[in-house]
Every structure is written in C-alpha cells, then in structure tokens.
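What follows is a set of structures to go through.
Same chain, two partners: chain A is paired with chain B first, then with chain C.
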Partner chain A sequence: MESVGKSMKRVDARGKVTGEARYANDLKPKNCLTAKVVHATIANGRVLSIDTSEAEKVPGVVKIVTCFDVPDIEFPTAGHPWSVEPAHQDIADRKLLNERVRLYGDDIAAIVGTDNVACERAERLLKISYEEYDPIVTVDQALAPGATPLHPNLRKDNVLLHTSFRSGELTYEEAKEKAAEEYGADQLLEHSAVYQTARIAHCHIESATSWAYVDTNGKVTVTSSTQIPHIMRRVISQALGWPVGKIRVIKPYIGGGFGNKQDVLYEPLNAFLTIACGGRPVELEISREECMASTRTRHAVRGEVKALFTRDGKLLARTMDEYSNGGAYASHGHAITASIATIFKDLYHDEYGCRSDATTVYTSSATAGAMRAYGVPQAVFIADCLADDICQAGGFDPLKFRMDNCVGAGFSASNGITYYSYSMKECMRRGAEAIGWEEKRKAYAGQTGSVRHGVGMSIFMYKVGVHPISLETSSARMILNQDGSMQVELSATEIGQGADTVFTQMASEITGITPDRVYIISTQDTDLAPFDTGAYASRQTFVTGKAVKKCGIEFRKKILDYASYMLDRPAEELMIWQNQICEKLPEDESAKIDPAAAWADFPDVDFKPFELKDLPNGEDSILRDTGNIEGKPGKVLLDMKDLAQTAFYSLSRSEHITAEVTSHCKENSFASGCSFVDLTVDMPLGKVKINRIINVHDSGRLINPQLAQAQVHGGMAMGIGYALSEELLYDAKGRPLNDNLLDFKIPTSMDIPDLETIFLELDDPMGPFGNKALGEPPVISVAPAIRNAILNATGVAMNELPMTPQRLVEAFREKGLI
Partner chain B sequence: MLQIINMYVNGRREELAVDIRESLLETLREKLNLTSVKKGCGVGECGACTVLVDGVAVDACLYLTMWADGKHILTTEGLKTPTGELNPIQQAFVDEAAVQCGFCTPGLIMTAVELMGKGRRYTREELRKEIAGHLCRCTGYENILNALEKVLGYPKEKEG
Partner chain C sequence: MYDIEHYVEAVSVEDAIEHLKADPDATVISGGTDVLVRLRSGKGVGGTLVSIHEIPELHGVDRLLNGTLVIGPATCFTDLAKDPLIRSCVPYLGEAVETVGGPQIRNMGTIGGNLCNGATSADSAAVMQTLNTRLVLQGPDGSREVPVTEFYLGPGKTVRKREEILTAILIEPQDYVGFTGCYIKYGKRRAMEIATLGCCVRVKLGAAPADEAAENGGGQETAAQDMQSGGNPESRVISDIRIGYGVAAPTPIRCYKTENLLRGRSAADPSVYELIGEHVLEEVQPRSSWRASKEFRLQLISELARRALREAMLSSLGNNLFA
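Moving on, here comes the complex of A and B:
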C-alpha cells in the first residue's frame, strides 16, 4: 500500500494550529441576533402561563416565543438513520418548547435579542407560573407505584421499553439443576452483586452551537456543530413540519462531539427562531452549564447480576436485570440499554446460557443519549466487575478465567454480526506480557500496610457500525480538476478523529493520485454533499471507507478510459501511479501479498481468516480490490495534468471526469481488545495513582497508525475520568449540582499518566482496507480494569462508579482496612 | 457605556470603542474577528481562550478589555511568520499529532509560547503542571506533552 497504513500528517492540522480553521460560531455574520433559551425551574409539572409583557419592553429584545407559540408537533432527536417502518422509528416525544415540564431546566421559552445582555434582562422579567408535581429523579422513584407518567400519551408508566435477551435454552434455575447433575452440587459456586455506573457529560470543549437564517431562496439554513448533518436536516424538517428540501444544514469543523452531537439538540429551535424573526440570522450558543444539564448524558445504569460457575473456573450461566436511567426524553430510546444487555451476554460464553433483561426508564433528569461506545462501557463494567468477583470468589486468575470463558473465535451474534477476524486472546496475551501480569500478581499477593499495589484487566468487543439494527449506507463523490488533482466529497464528518485524513489516504490509494493532490471537502453542506448518516458507531472508516473505495475504483476506471482514448491503447494495459498514467506490468509473483502469510505473524491467533464469500452487487470485488497493488508501474506514458487538460478542453471529446456512488454495507465484524492497569492505592487518602496503563486493540489494519494511537490515548483518558472522578449529580428536587467544568471533574494533564498502546493489525475481510472500528473502543475497558486493579490491591470490590476518594475511603473503612 | 481604548494586537495598534463590561474574549472575537480565541466555558475553567497579555497567558474570558488599554496582546493568529512559516510549537503540534478536534489547540499553543518566552527548559512533569489549566477531551494530553517536550523539554539523550 502506498498511502494507507502510513502516518500521514492530518490534512487539517495546519488550519487548527494556526487558529484559521473555522467552527460554527466563527462563521456567523456580523449582524447576527442572539437567542437565549429559558429553562424551567421545576423538575416535573406544567407551565400554566408565561407573561412576557414586561420582558418585551427591554431595549434590544426582538422576539419572545414561549411553549404556547410553537407548532404542535412532537419530533424525535436521535442521530439514527430514519426507519421507513413505523414500528422502528425513533420515539417522537418533545416539542420545540415544552409546556409539560419533564426535567429541571426543560426548555419552555426563548428570547431573541440584539445581544445577550438584553436577552438575560428580559428573562428575569418573565412571569412564569407552574403546576408542580413531585420530581422523579431516580429510576426507583420513576418506577414506584403512583409515579406520575412523564409521557402519558406514549407510555402508561415511565418504562420506555423493556426487552429480554438470552442465549441457551435453560433458565438460570434449570441450569443450576442440570449443572448439579453434571458437575455435582459441591462443585458449583455462585456470585451475585449489584453494579452501578454514573451519569456523565461528554464535555466536548466546544459547546453545542448553531446559527441560522432564511436564505434568499426561502431555505432555512442552519450552520451547526454536529456529527450528523444529513440526519439533522431530516429532524429539523420533522420538527418544523417543513419539507426536507427547504432545510439546509452546514457543518464546519467541530470542537468535539463524543455522541452528544449525534443528537439533534437546539438546531430545530434555532431554525424556528430565525423564521419567527423574518429570516434574520440568529445564533443559539448555549452556555457550558446548559450544555451539561440540558443536552444529553451517558446513561447511569444499575446491573443486578448472578453467576453460576464451577470450582475450577468454568462459567455456566449468568443473568442480569439492567435498569437504565433514560432521563426526560427518549433521544436514542431503548437502543443503548439494549446494547448493554447484548454485550453483557455476548462478551462471555456461558455453557448453559445467559439471560439479560434491559429496562429503559424515563425520569425527570437530564436526557441520556449516545456517548462514545453506546452503552458498551456500562456493559463491560458490569460484565468485567462480575468476572473479577467470580475470580475472587473462586480463587481463579482473572487472565486465565477470561482466556477460558471469553467470547470465542468465529462467534456470530444472533443478529449475524460475526468475528470475521478475531484475536481477543492474542490481545490479552500481549497486554499481559507488556504489564508483567504473572510477576505482578505474585508480587502483589498478601500485601499489608496502608499503601498497596494492584494490577487489573478488562476485555471488550465492539461491533462496527449499526447493520443490521439500522441502515448502513454511504455515498461518495470524486471530481477531477484541470491540473490532475481531485476533490473528494462525503457526508461522513470530521469531528476530530481524523476522518478527513484517512479518507484522503484511501482515495489516494485507490486512484494513484498522491495525497497532496487529493482535496477533501471538510465542510458538509446538505445542499451539495452526497448522503451519508455521519459520525457515530465507529462506522466511518469501515462503511464510508467502502464508499470511498468503490467511488475510487469507478473514478480510476473513467480516468483510464480517457487515457485509453488519448493513447489509443486498451485501458487494461494502463494504470495510474503517482499522478502518471503508466504501462501496467504484471505484478511480480513474489511481491503479491498472500493473506495467509500476513497471519503468520500471529502464530498464537486462534482463528484463521474467513474466505471472503460472494456478496451481492459485486461488493466482494470492491473489498478485494487492492488499488494499484494489482500491477507494477512500467513506462510513464502520460501525466495526469495533461490528461485532465485534454478531458476538460478537448474539441473532439470533452468530458468532465467525476464519479459518484452509493455503498450499502450489509456485513460487519467485531473489533476487540483489552486494558491492563498497574496502580497504587493510598488507602487513608482514598487516592489512586495509575503507574501504568496499556490498551491493546485489534481494530484490523490501521489506516494511519499515528492517528489511531492518538485516538486510543483520548479514549483511555476518558475511561480514567469515568473510573475515578466523573459524575453528574442532582439534588432531590432534580436540580443539577455540578453542571460546570470546575465541579464536574474531567481529567486534566495532572490526572493522566503516560498512555501505552499496542495494536494487532489483522486484516478483516469485511473492512475495505482490512480495517475495523476504532473510534469508540478505547474508552470501554479502562474503568473496569482500574476497578479490578483496586480489587487486586485491597481486596475491596468497588461496585459503583466513579471510584472517588470519598467512596474509596468509606469502603476501606467499612472493611476495617483503615 | 462605551470607552475608547488603545491596545496592540498581534503587533498592530487598535483603537476601539468598547463596552466597559466587555471581556477581552468578546472584543477579540466579535470586533477584531480573531476567532482562534475559542470560548469553551466563559468562566475560566477550560483555558480555550488563552491569549498573552504583555507576554503572560490569561483566560481572555476573565479579562476585561478595559484592562488591556496600552497593553500588547498576542493570539494564535499572530504566531506565523510574515511568509507563513509556523512557530516551532505549532509545527511540533502538527508533527506529534497533538491536534484532534482542534478547539483547545490555540489556547494550549499560547501557553506554550508563554513558556518559550521564559527561556528555560522543562521536565515532562513540569509541563503537566504548566498546562493543567487547559482541558482537552480528545488527546489524553499524551501527544500534547510530546509536542511540548520536543520544543521546551531537555534534549533527549541519544539512544545507544
């Protein structure tokens, strides 16, 4: 490979280090009006009236709209592909502004003015009266008999959805009976526990921000910091009751998203406000506090679990009853809660089976939605706390227990997602070797004293993209310029992860045009950019990557057809090599890459690659295409620049060479990996010092190793915050207590140790370049690995996140350790 | 109430009528279109709006523009040479993949430029402390520290 697999520098790095890269708020026009959202000061109830008469007199106020002025339309906000089947459509449960207040801070009015001071003055003069109900902030309060249903039109109680998943035929009790027969009752052990994860905020450094105006062609045009421009366009259309064609969304560079911006946030309201102001530009940038309490959060989840296993460490059966705090509105609905139950079930192999029940509960608190790895951090925290607690109870080595019981090679989930390439166990071996697992477990046994050391681990699996649960589609466009360079246009979005750079590398690889002449259009404008659903589910290098590859193959063919015309030689004899049309010589047999040989680097890998089966619509030939590697460049015949000039301006055959394709992805694979942590616990202080932390990843072939590593660093840091310090807190009235960056503790540079990464680069046959998911996985296994290392150090099982000094000291006291 | 102030921004003298309540962040972004100065929180928690005032790194969101009268302000826009070459810190951020979403980047670069101005070298642990006022959610700080060490750290001993 020429470009793929190289650590090319980011295409946007220069723009970002010079401060010249433009983000949504940097692009607003000078005369922009500003909007402020008015939030409810009760957690549950109804707005009876809003008197705006005094507020409207404030100089500078242009327009005030209240929950009584918005269209009577409830709309969904999740960044999911739309389903054409009504039963699978996202839940529509909110209006632009809500008369029915479902959380403290619900959006009940909005003020547009010439500046923020005018808006804030006006807000203080609003006279709002409420009918107030008891706040139902927690899952238990919301499920209690007699709790007010938050969405009585949709659900008679506060259960958004309950689903049950299982593997195996037997119930837990039946499994127990059968195991007693098979292994003898005295050979069986059981463990039960309750694990609780925390609600956290994404804390992208750029707040949620947009500005909107009505263009001269009558289109409402919204520039937004979003991961999902095309989905946003559809949601704004639904929220306003306007046709999709009258909506235009523009997505420039964004300052982080992490799933929060995989939801449509205040953009529909922003669109409504500009329409209400006669189309004048209106900006809507919410404050940090609003961003933390009034957008989306990671679901806080309680897992009540039971496990049955043998005295020699064989896992027989597990059950989980999972309750997920969904907050006031559905957002992604039940999808995340269901994902938690599925991964809990699939990560380990239970001989007799596993049952996991998932319940998403509406509560009067911040809405939960997508956040990096979509429930899998919660699933793995529960599954891997349980795994180590089983080891503690049975006296097993956690590494050996996982080797013996984890998901195996060739695993195929009930929905068809398959481990086409698998190296979970090899990941564990490499991580264990790097941290010195055996020696450390021995060295740390039987410690006394108040400062103790521990080593812990955790494993994960993560599916690539959303097929078959939702649609996986992507399109790409390539355009030749007069100088032989090209544009690539996509609606997959750059959100900081490096998408623009890896797509540039892919386009270069397939077309033979060097990366410096591949211009990727970073800004998505839904009036121009071909359809793609955006950045989520670690899907883009896999799904959009395939669209780029398919488009590149077609673009290359069109260039070679034109070259064939110019040179009067069959296209099959030609290839593009570093911006030149060359003779294509047969590839040296010795230079051919034998897929089996690549696997020889992994002698311990438990599984050999799948034969690539025939896929519909020639998809298999796209996956097999290896770009210019198929041939060897011979004599240079024509410069791309001369070809392009001729194609543009030839009097006999003028042709604008472009390609545009849609790619539909119907196969996906699992990425996997693990975290290993070595740490020191100062028990009297409740202080955890991470000495070493190592993430091992099998994400298939890396498109850009340096950026891949950077992506893993960020996920690891987020995992450390999740483990030790982050939790969004509420009081009994449902008021947020720490919705700011001072009191909500995301890690600073002082809290993060040096971060170590290991990659296993096994080609996955379903990845367009052998690649699999990487964006989200790095966060998943960090928190449980830290928790298990604390268990190893102190013998204390911390079952609730985050493991703050207060909680640790309390637990150590309870055990009489301090 | 508006008042006239004079300040030097990226080497150029600016005479501006500013609201006495205006923060330097607002003036730089809204009046001078220096949009490298990012607003992450508006209350001094995140460091994204860091600029240099007479060589000292400050959160522009907490600094009233009135206080800048007669002072020299440097933002990331002022770092490139007239012919477009990057400052060594900027180049190190590019080379070490210390940039992801890029929103905290200009602020961090300004703190690094402040450190460069002190004319000394720093250990990695010292650099961790120096940048602790900057929040980054993308990088885990690893490559940012690598970039800073490259320019501000002690020379690495050659291996072997």
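Moving on, here comes the complex of A and C:
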C-alpha cells in the first residue's frame, strides 16, 4: 500500500506544536458574555427557593436563571445514536437546571455576566434554601431499604437496571454437582472474592467548554469541545424543545475527551443561556473542579465472584454479581455495566458456563458515563484478579492457566460478534518472551526482605465497533478542487487521537491522490458536515474507515469516468497513481501476497471461515477493494490537475466531481492483547516501581504505526494511574474531596517508566484495511497486570483499586510483612 | 480573571509596609502560587494585593563575613536551588525546594512565601527546622527576629502580622558547617505533589572520645576531611544531629528528645537506626485525613527517619559506613 501502513506525520502537527491550532475558546468573539453554573451545596434534596435580588445588583451581571426558570423537559445526554424504538432510548432524567438536587454540585442556577468576577460576586449573594434528604453516595446506601429514590418518576428504587447474562446451561451449583461426578469432588477447588474498582475522572487537558449565540435567522449556534457534534445537535434540540434544524453545532480542534465528551454536558444550558440573553454570545467554560465533580466519571464497580476449577487448572464455572455506581443521572444508562458483565463472562472459557449479573445503581454522587474502553477495564480487572487468585490457590502458572482457559479462536459472542482474526495466545507468547516470564517467575520465587520483585500479566478482548448492540453509521464526502487536490469531510471527529491523519492516509490510498493534496476538514459544522455519530468506542478507523473507503471508491470511479471521456479510453484500463492518470497494467503475480503466507508468522492463530458475499449489508466490494494495488501503474497519460481544470471548465462536459456516501456498518470483530509488568515493591513505604511494562496488541493492520504506538503509550500511562493512584473521593455528606489535579493523582511524566509496545499485525477480514480497534484497548489490561505482579512479589492480593501506598502498607502490615 | 480590586507594585520594603498599613484588606503577594490559588477558591477576594516581587534587596543569596547565610525571601525556588552558596553550604535545602510542584511553579513560587504560607507540608519546612533558621520580620514598628522553630502557630498560621514583611532568612554557620544531611519528600507521585510527609535528618560527626587527643584540628576541618575521604565510622561519633519533619504535626517540628538520645553515639552503632525510628514516634502528632491516615503517616515517619539518617551518614562516611 502507498499511504496506509506508513508512519505519516500528523496532518495537524504544525498547528498543534506551534499553538496556532484553534480550540473552542480561541474562537469566541470579543464581546462574548461569560456564564457560571451555580452548584448545589447539598447532596440530596430539593431547592425550595433562590433569591437573586442582591445578586442581580452586582455590576456586570446580565442575567440569572434558576431551576425554576428552565423548560419542564427532561432529556437524555448519552452520546449514543438515537434509538427509534422507545424501549431502547436513552433515559431522559435531567433538566437544564434541577430543582430536585441529586448530587453535591448539581446544577441549580446559572449566572451570565460581562466577566467571571461579576458572576462569582453575584453567586456569593444568592440566597438559596433547600429541603435536605440523607445523602446516598455509595451503592450500599442507595440500595438500603428506605433509601430515597432519586428518580421516583422513572424508578421505584435506585436500581437503574439489572440484567443477567449467561453461558452454558447449568447453574453454578449444578455445575459443581456435575463436576464432582466427572472429575471427583476431591479434584475440585473453589475461590471466591470481592473486587472493587475506583471512580475516576477523565482529566482531558481541555476542560469541557462551549460558547453559543443565536444567528440573524434565529438559529442557535454552539461551538463546543465535543466528540459528538451531530448527536449533540439532536440532544440540544430535545433539551430545548426546538427543531433540530434550528440548532447548529461546531466542533473545532479539541484537547481530549476520553469519553467524557461522548456525553452532552453543558451545551444545552449554554444554548438556553444565549436565548435568555437575546441571542448575545455567551461562553460557558467549565472549571477543572466542575469537570471532575459535575460532568462524568468512570463507574466504580464491585464484583462479587466465585470460581470452580480443577486441581490441574481447568476452569469449570464462574459467577459474578456486579454492582456499578452510576451516580445521580443515567448518562449512558446500563450499557457500560452490561458491557462489564459480558466481557467478564467471555474473556475466559468456563467448561460448564458462567453467570454474570449486572446492576446499575443511582447514587447521589457524580454521574458515571463513558470512559475509555467502556467498562472493559473494570471487567478485566475483576476477571484477571480472579484468574491470578485461582492460580495462587491452585499453584498454577498464570501464563499457562490463561493459555489453557482464555477465550478461544473463532469465538462468537451471544450477540454474534465474532473473532474473525484471533491471536490472543500469540500475543501472550510474545509478551512472555519479551519480559522473560519463565526466568523471572523462577527468580522471584521465595523472596524475603522488605523490597521484593514481581512479574504479572493480564489479557483483554475488545469489541471493535458497537454493531449489533447499537447502530453503526458513517458518512463521508469528497470534493475535487480545480488543481486536482481534494477535500475530505467527515463527522467522526479528530479528538487528538490522529483521526484526521489516518483518514487522510485512507483517502489517499483509495483515490491515488497523494496525502499532501488531501485536505481533510477538521472542524465539524453540523450544517455542513455529513452525518456520523462521532468519535467514541474504538470505531473510527473501522466504521468511518469504511465510509472513507466507500466514498473513495466512488470518487475514484467518477474521476476515471471523466478521464475515460478525456482520453477516449475505457475507464477499466486506467488508474490514478500519485496524482496522475496512468495506464493500468496487470499486477505481477509474484508481487501478490498469498493470504496464507501472511499468517505464517502466527502459529496458532485461527480465523473464522466466512464468505465476503455473505456479509449482511452486501458491501463486500468495500472490504475487498484494496485501492490501487490490484494493478500497477503504466504510462502516464494525464495529470490530475489538467483533468480537474477540464472537468470544472469544459464547455462540452462541465462537472464538479464529488462523492458522498453513507456506510451502514454491520460488521464487527474482536481485538485482543495483553500487558506484562515487572516491578519492585518497597514494602515499608508502600511504593511500587515499575521496571518494565509491555503491551502487546492485535489490532489488525496498523494504519499509522507511529500514531498507533503513541495511542498505546497514552493508554498505558492511563492504566498505571488507574492501578496505583487515581480515585475520586467523597465525604459522608457526599462532598467531593479531591476534585482537582493536585489531589486527584494522575501520574506525571516522572512516574511513567519507558513504555514498550509490540504489535501483531494480523489482517482482519472485517476491517476496511484489515484493521481493528486500538483507541481504547491500551488502557485495559495494565491495572490487573500490575496488581498481579504485586501479588507475585509479595503474596498479597490487592482487591481494591487504586493500590495506593497507604492501602499497600495496610495490607503488608496485616500479613505481617512489615 | 482574579477578583482583585487593587494591585500595588511596592518599590521598597517600607513602601510595601505603608500600603499594608493603609489598607486593612491588603495582602502581600510575591510569587503568587499560594495567594492566587486562594483567591481562585473565593477566599480573600475583592481586596488589594501588595506585591513585593520587584524589590531588589529581597532577592538572591549572600554570605556575611561571619559565615551567616542571608536568603532573600523573594528568591524563587529555581534560583535558590541553583545558587552556588546553597549548593555548597546547605545542599539539602536546594534539594528540598526542587521537589516543589513542577518547573513552572518553581519559577514563580518563593522561599519566603513557602514559609509565610504557614503550611506544615511546605517542602522547605523540615530542612528549615533543622537549620535553626532565623526570620527577620519588618513592620511599621521596625524589625524583629524570630527563630523558625517559634514561627508557626498552627496550620496556615504564623507569628507574622499582616503588615509585616519577611525581609531575610538567616542561617548561622554553626547550624550548617560540618553537617551532612538528607531530605526525603514522601509523595504519592514524583512531581506536582504535596508532601504526605517530609523528613530531614542532618548529622555532624566528631571524633570518638578515644581519638579525641589525636585530633588537634577543629571539628570543621575534620568534617571537611571526612566528606572528602570518607572516614572510619569506628572513630566517629554523632556529635550533633537535627531531625525535622513536615506534616508530622499541625506545624513543622523538630524532634529534640530523639536528637539528644542519639547525640554522642558511635557512627558505627547499627542501633541508631532503630532508635531514631522508634523514638521520633513519641515526638510527632500526625493526624488522620482523607489524604493519609495517622497510622500510615506514623509508618512513614519512622521509616523515613531511618532512611534519611542512613543517607546523611553515607554523605559523611561514604562507603566506609558499611565497612
């Protein structure tokens, strides 16, 4: 391939390095008013009144709106495609400002002024009275008999939803009986445990921010730092009760989202505030503290698990009862909690089956929503703590146990998602070899002393897209310029991950127009950009990549049709190569890659047999089209520039060559990989030093290896923070304690060791370029690998995240190690 | 935008004091890394800030003829850490302030602010305690000197009056000459961190009684020789020791009783490490907070004292410590 698979420099590198790239706040007009959200200072209750009279007298205050002034409309905020079936629609459970206070910091009023000082001075003069109920911050408090239901109109108690998933026919107890018959009761072992993950914040560099105005035609225009411009447009319309066409959302460059901006945050309120101020531009920048306490978080999850296995390390049955702290509002509802339960179940093969029950609970604390890898880090933490605890109990080697019991080649989930390309075991093998697994396990056995070494591992599987759980649709538009260059327009957004660059590479690959002449429009404007649900999951290169490919094929065909007209030769004899129309010569047979040979490096990979023509949407031509490599370029016949000029200005056949397509993606696959960690534990100080950490990924073919590596590095760093230091804390009254970057400990560059990455580039037949998911997977298996290495070093099983120095010291003391 | 009504850039200490006297809502600002954070959180808003940042005599480090080090309070952490006098006379002070926040904070924050903010978690606090630092406060009624060990009244509270300016930080030669030391900041991460605990141990080794006759030179020279060539621990005693902590109590503290217990003991006596670890526990008063439990801090207090003492001894004796 010409462009795909190369480490091309980011198309936005210059702007981002020099600081010239413009973000939402850089674009606001000079006369922009500023707004501040007023947050409740109780965790559970009701606003009885807000006296604004003194506050309104503050010079510079333009408008104060309270929870008593907003439309009586409850709306959903999740960045999901809207379901046309009411039963599957996202839960609408919040208003623009809420009279019913459901968390400390709930949004109860907003002040618009000429500057933030005027707003803050006014805020201090508000007289607010509340009716207060007991805070229900934890899952146990919220589920306790008599706990106040937070959403009595929607749920009689605080259970948002409970679902049960299952593989196999037998219950755990039945499995135990059968196993006793089959293996003998004395051959069976059991392990049960409770694992707890932490609530964490995304900590994107750019806070959630937006500004809005009403244009001369009465259309509300919101410029926002979001991952999901088109969904945001729909949600603002729902929140205001305005038609979608009267809402316009613009998304410029954004400084990270990690899923927090896969939710509609304060943009509907921002739209409401500009309307309330007669259409004057109003900015609403959410502070770091507000981002952490009042936007979205990762679900804190408790997993109560049981496992049955044989003395020689065969996994027979598992159960999990999972409780997920969903916070005050539904956001993504039960989707993430359910994802945890299914991945827990699917990651290992239980001979008799697995049951996992998932409960999402409303609590009076920060709303949990999407965050990088959508519940799978929690699922894998629970599943892989359990795996190593089983090994500890049975005396098994954790690598061998996983080789013997992990999800197998050709696995199909109950919803049909299938491992079309599979290399979980090969990933493990390469990671183990790189870290020196066997030697280290031997060397670290039987240590004494207060400083000890350990090695640990963890594996993961990850759904590439969300089909068939949810709709996957993506549109793309390509437009020819007079000089033979082209624009690409998409709405799967650049959020720092490098989407603009890889889409440029893909468009170049298919059209034969070189990347320097492919101009991707980074800013999405919902009035102009074609529809896509946005940047989330790990879907863009897979789902939007298909749209780019499909659009490129059509665009190429139109160019070649025109070339055929100009050259008076059949289009089939022509190809575009490096901005030239060339003769197309048959490809050398010797240059063709035998698919079997491409897999030769992977001894026990397996791949699900399938026929492209059987694909559900009949778009096999998209998957099969490999751009220009099916032929090789011959004589140059015509420059693209001449073709374009003629096409625009021809007196006999003037044609603006453009293409626009929608790709409804109905394919999916699994990506997989693992983490290996070697570390040193200084027990008296509770300090963990990571000596080596290796992530191995099978994400199919890489579109841009350097960007792929950067993506993995970021994810690994995030995983280290998740393992050792990050946790949002609350006091008994439900007040957040550490909603700032001093006390919420994300690792600094000083805390991150060298990060090693290994890729297995296995072609996945479902990916447009053989590619699979990579955006989220790097974060998944890091924390359990670290936990398992600490277990190896000290023999202490840490069952709660994060594994802070204090928790470690307490555990070492309890075991008499210090 | 910060909620500040007036801002005054003082041209001299006297000028700053005049402004502070004239306006009862006025606050001193220098680097601003604490004051602005407080303002942002809504505390002390709408007042006057009197900046002492541009007063030349408040910057830099000097040594008087008698050996006293004079540190200008408006010296930022970065400048302090790289100052040649600090590096040669009290390197552990430079190392301590290099653990403050990140590079940007260290370019703004000042050593005087670190003291006057009154926090027990200040990164210079433990070291300053062990140096018997004296602070010169100038107010409307003239100047006074306060030992740093008497400077703190409680969390965020010091004896400095609102209209007083810290004009100099003094360290006498008897408090630094011949000492080696070690500061350990214990944080949950390696930068951008507030200390969970700070521990400074400094030792001065002298001749053991048996060798005393053979020693004709002053303690200073001997210590200097030791630092160059190591030295035999058998022939050395701990002639002086200073133990200082941050976050081990509501204010920075010294552990005088433990110091007295260890003074005079042989540098070769392995029990000193156990003794320091045990006895400091009787002199500290850490509290439980959501940041760290009392029990965890006690564990650190003990462990860090042992490690800091060992490092301080290593600096004096080199590898001979383990000979």
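List of remarks:
Quick note on the criterion: the second predicted complex is superposed on the first by the 806 of 818 C-alpha atoms of A that agree within 3 Å, B and C clash if a C-alpha of one lies under 4 Å from a C-alpha of the other, contacts with A are read in each partner's own complex, and residues count from 1 in each chain.
By definition in this document, a residue touches a chain if its C-beta (ideal position, glycine included) is under 8 Å from a C-beta of that chain, and two chains touch if they have at least 3 such contacts.
Source: prediction; values computed, not measured.
Judged by the touch definition given at the top, the superposed model places A:288 against chain B, while chain C stays out of reach.
In the overlay built on the shared chain, the residue A:741 is in contact with chain B and with chain C. In the superposition on chain A, A:651 contacts neither chain B nor chain C. The wider contact with chain A, measured as residues touched, comes from B rather than the other of chain B and chain C. When both complexes are overlaid on chain A, the residue A:750 reaches chain B and chain C alike.
In the superposition on chain A, A:729 makes contact with chain C only, while chain B stays out of contact range. Chain A residues in contact with chain B (one complex) as well as with chain C (other complex) are 117, 741-742, 747-750. Within the complex, the chain A residues that touch chain C are 115-117, 120-121, 124, 684-686, 725, 729, 731, 737-738, 741-743, 745, 747-751, 804-806, 809-810, 813, 818.
Contacts from chain C toward chain A in the complex involve residues 1-3, 42, 45-46, 102, 186, 188-194, 196, 290-293, 295-296, 299-300, 303-304. Residues of chain A touching chain B in their complex: 7, 9-10, 12-23, 25-26, 117, 202-207, 253-256, 258, 285, 287-288, 495-498, 706-707, 709-711, 713-718, 740-742, 746-750, 752, 754-755. The touching residues of chain B, when paired with chain A in their complex, are 21, 29, 34-43, 45-46, 48, 75-77, 79-80, 86, 90-91, 93-95, 97, 99-106, 109, 127-129, 131-145.
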